[in-house]
Amino acid sequence: MEARNFLESMIWQQKSLLSIEGLSSEEILFILDKAKSLKESKGNEEPIFHSLRGKRIINLFMEPSTRTRVAFEIAAKSLGADTISISGEASSLTKGETLKDTAMNVQALGADAIVLRHSSPGSPLFLSRIVDVPIINAGDGAHEHPSQALLDIYTLREKLGDLRDRKITILGDILFSRVARSNLWGLLKLGAKVTLAGPSTLVPREFEKLGARVTHDPSVALKDADAVMLLRIQHERQQASHFPSLAEYANVFGLDSKVLSAMKRNAIILHPGPLNRGVEIESEVADSGRAVILQQVANGIAVRMAILHLCITSEKSSHS
Amino acid sequence: MEARNFLESMIWQQKSLLSIEGLSSEEILFILDKAKSLKESKGNEEPIFHSLRGKRIINLFMEPSTRTRVAFEIAAKSLGADTISISGEASSLTKGETLKDTAMNVQALGADAIVLRHSSPGSPLFLSRIVDVPIINAGDGAHEHPSQALLDIYTLREKLGDLRDRKITILGDILFSRVARSNLWGLLKLGAKVTLAGPSTLVPREFEKLGARVTHDPSVALKDADAVMLLRIQHERQQASHFPSLAEYANVFGLDSKVLSAMKRNAIILHPGPLNRGVEIESEVADSGRAVILQQVANGIAVRMAILHLCITSEKSSHS
Amino acid sequence: MEARNFLESMIWQQKSLLSIEGLSSEEILFILDKAKSLKESKGNEEPIFHSLRGKRIINLFMEPSTRTRVAFEIAAKSLGADTISISGEASSLTKGETLKDTAMNVQALGADAIVLRHSSPGSPLFLSRIVDVPIINAGDGAHEHPSQALLDIYTLREKLGDLRDRKITILGDILFSRVARSNLWGLLKLGAKVTLAGPSTLVPREFEKLGARVTHDPSVALKDADAVMLLRIQHERQQASHFPSLAEYANVFGLDSKVLSAMKRNAIILHPGPLNRGVEIESEVADSGRAVILQQVANGIAVRMAILHLCITSEKSSHS
């Protein structure tokens, strides 16, 4: 607990990280600042790198994921915590068991936090009302993926500075994307101008109600953008085919050198990975200096360290 | 070795935990007392929490299990040990290899103990004669599941005190249950009166020879019980259908509020999990204060810590 | 870094271990000597056992393996490193992603070394040109398996002493065996006389060009051998059937007591495991004192500790 200072206790009162929608801009910036100080002091022997010593973090991944799970595992270990990963598919923990019972069991096993990935939107919120330990949402269906949005926003701010009035375009499969949803909330809270773009079947006009501009014309979407966040075309999350073919998608919405040359000179490109080279992004573009895709991955460790540290050492957690 | 005191060396001489049938009542109580002292000193910086530092425990799970494996993993880490989990299904360790060769290999890799789950009854005993390191039986076919029985009995004693002459009913799929078998041996050794109950196809009359009362009438089984241990209906371990349907089973043997109200006022309910809500137990009952199901899970950590500590630090192990 | 002495810096300049073919005999002996000193000081509290503290080693296994992965995991932990294992089959890291992108991601996650198993020959070399961190080849297709060859050679030297002019026979499925290939290079570099033996379909005459004797007659192959390295008959790596049946293979090339008795009195038998008892080796022979199969497994830990220590603490790695 010593590693938690007075300021942290004042500003950060959350025990769980359930969504970006539920955070204030002050809270978002507080996590990002914490991540920045963690990234900068990396390798030093500061007390924060032991702040979760003796803590046990259980990754409960009821949907397959390697990328996010490994990043949370590394983040937890970097703060001195122990981690146990339970994957739902292979899990006999879950034979016929309700999610509530699984979570109660995980808590009874002595978890100090549960990092949850689940296909049902709202399941982290549901669990947070049942168990006493912090719940970190690592992706719930098409709802939210807050740690991904925080690392995306961290990377945007690292490159662009303050995001107020910056033009950020999210391009691709918006309809089914928890990444898009979490980023949209976060960017709007920080004052950015967000454009949602992609095929009309994947980017419904109603998304304007959320406060974003919607367009189905890639040239309009990218013309003035300071950054474009590409989304992976996720076949698995689509009930039906929403565009004729991958080649067709690549042709109209794929980010290639020609499109890039029409963008602002310093505009940057983000992608949550894994890349479909030749579909949503051309290889040459992905490998160019304009893409900050690997910086996103690296920042993801610092951001998740900040999330775990703040949630697990929060007043509410320590009193539970 | 310093963490092992003189008394431990006198009473506990076992290197392996193979079964409950093979333990004396004195040994059972010794493990349970050790678990109690571990549970009570949890969070303190006592030397026992490093008693397995530098030890390497290999979980060799040739049958799927998350629950038991994770509990052993947490218990091992809580004593400072390293753990490696090898699951048999996915394991190339086992391509065409005999169990003996697998175990010899695991020993050659430097294991200080092997926690074994295997579908063949007697496989832990078999291995204990081949390898020099302690073997902890984490479930062998329909034979025994000693760590589960020890945590069940720990929980019973925590709630009921001394078990001598206490009436304990085990209800459900006795025929195929290693949990039932281990508990039966343990409870009888501690002087409890055990009733085995369930459909006649799952609770053969011959079980009376083991020293228990057998009944197929749930009201007889539960009337005077101080505790009832429900068993999970395990489809996977049954060659043929032993009752008409799950609904039928629930109707006759399911523990619902009405059945509960006919039981002793302080009778408690145990279940090894995962719960089939609406089959062997009604949701309302599972969530009531009478059910001690989550306490069982939590006690499982302390009990498994005691098992690992006692076996790995025993005289016989340290001289091997 | 303190654990690295002046001599290590002079002789060992490699950042990665990609193949045996690419090592000098001096480098091979240097690894083996390092492994020997690690094996001998096991259990002591020497600084080398913390030489990788704070390092993060990612096992990237795109082909199934338990044996090699677990050995690397134990070796890494024995030097104080953290390990994360990512298996390719189950991995969403790899959905549609190129190997290059996967490796770049793993590096961005903060890996200090990548232990790679992959079905494509040359993939470790390919990655070593892309990422900055050490790449340890844990088996690439039918190309090489350098850590296996090093532990085999370690074991041979432990039993036979200097290998110059010693007669070593490799018997079995040479054509598809990365183990055979790596051992062949290593043994020749150390001055041993190597015989490759097996069915003509699996041991082509062209292998003579590599500097080995080729024979399809097991009695010729074994007559004067100081050691025989048996290879596992690997159905999975064979496109077509290269011999009539397993029984036929066992009959002609299986090492049984009769064959053994015709060999030199002190000749030893190696096998990389898992054993097909009754196919390439008779049970009685495998369990005899002549077989050093379990010593190979145990030596594999020390050898892999040496590999990880030398590669990760090399000048080139520390400056990257």
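Here the chain labels run A, B and C in written order, and each chain numbers its own residues starting at 1.
Convention: a contact is a pair of C-beta atoms (placed from the backbone, for glycine too) under 8 Å apart; a residue touches a chain by one contact, two chains touch by 3 or more.
Please read all numbers here as calculations on a predicted model, not as lab measurements.
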| item | value |
| --- | --- |
| Rotation in the CA alignment of subunit B with subunit C, degrees, nearest 5 | 120 |
| Copies subunit A and subunit B touch via same or different residues, half shared test | different |
| Centre-to-centre distance between subunit B and subunit A (centres being mean Cα positions), rounded to whole Å | 40 |
| Overlap residues in subunit B, where contacts from two or more other chains coincide | none |
| Residues of subunit C touching subunit A in the complex | 56, 82, 84, 86, 90-98, 101-102, 104-105, 107-110 |
| Complex contacts: residues of subunit C adjacent to subunit B | 64-67, 70-71, 73-74, 77, 273-277, 294-295, 297-298, 300-301 |
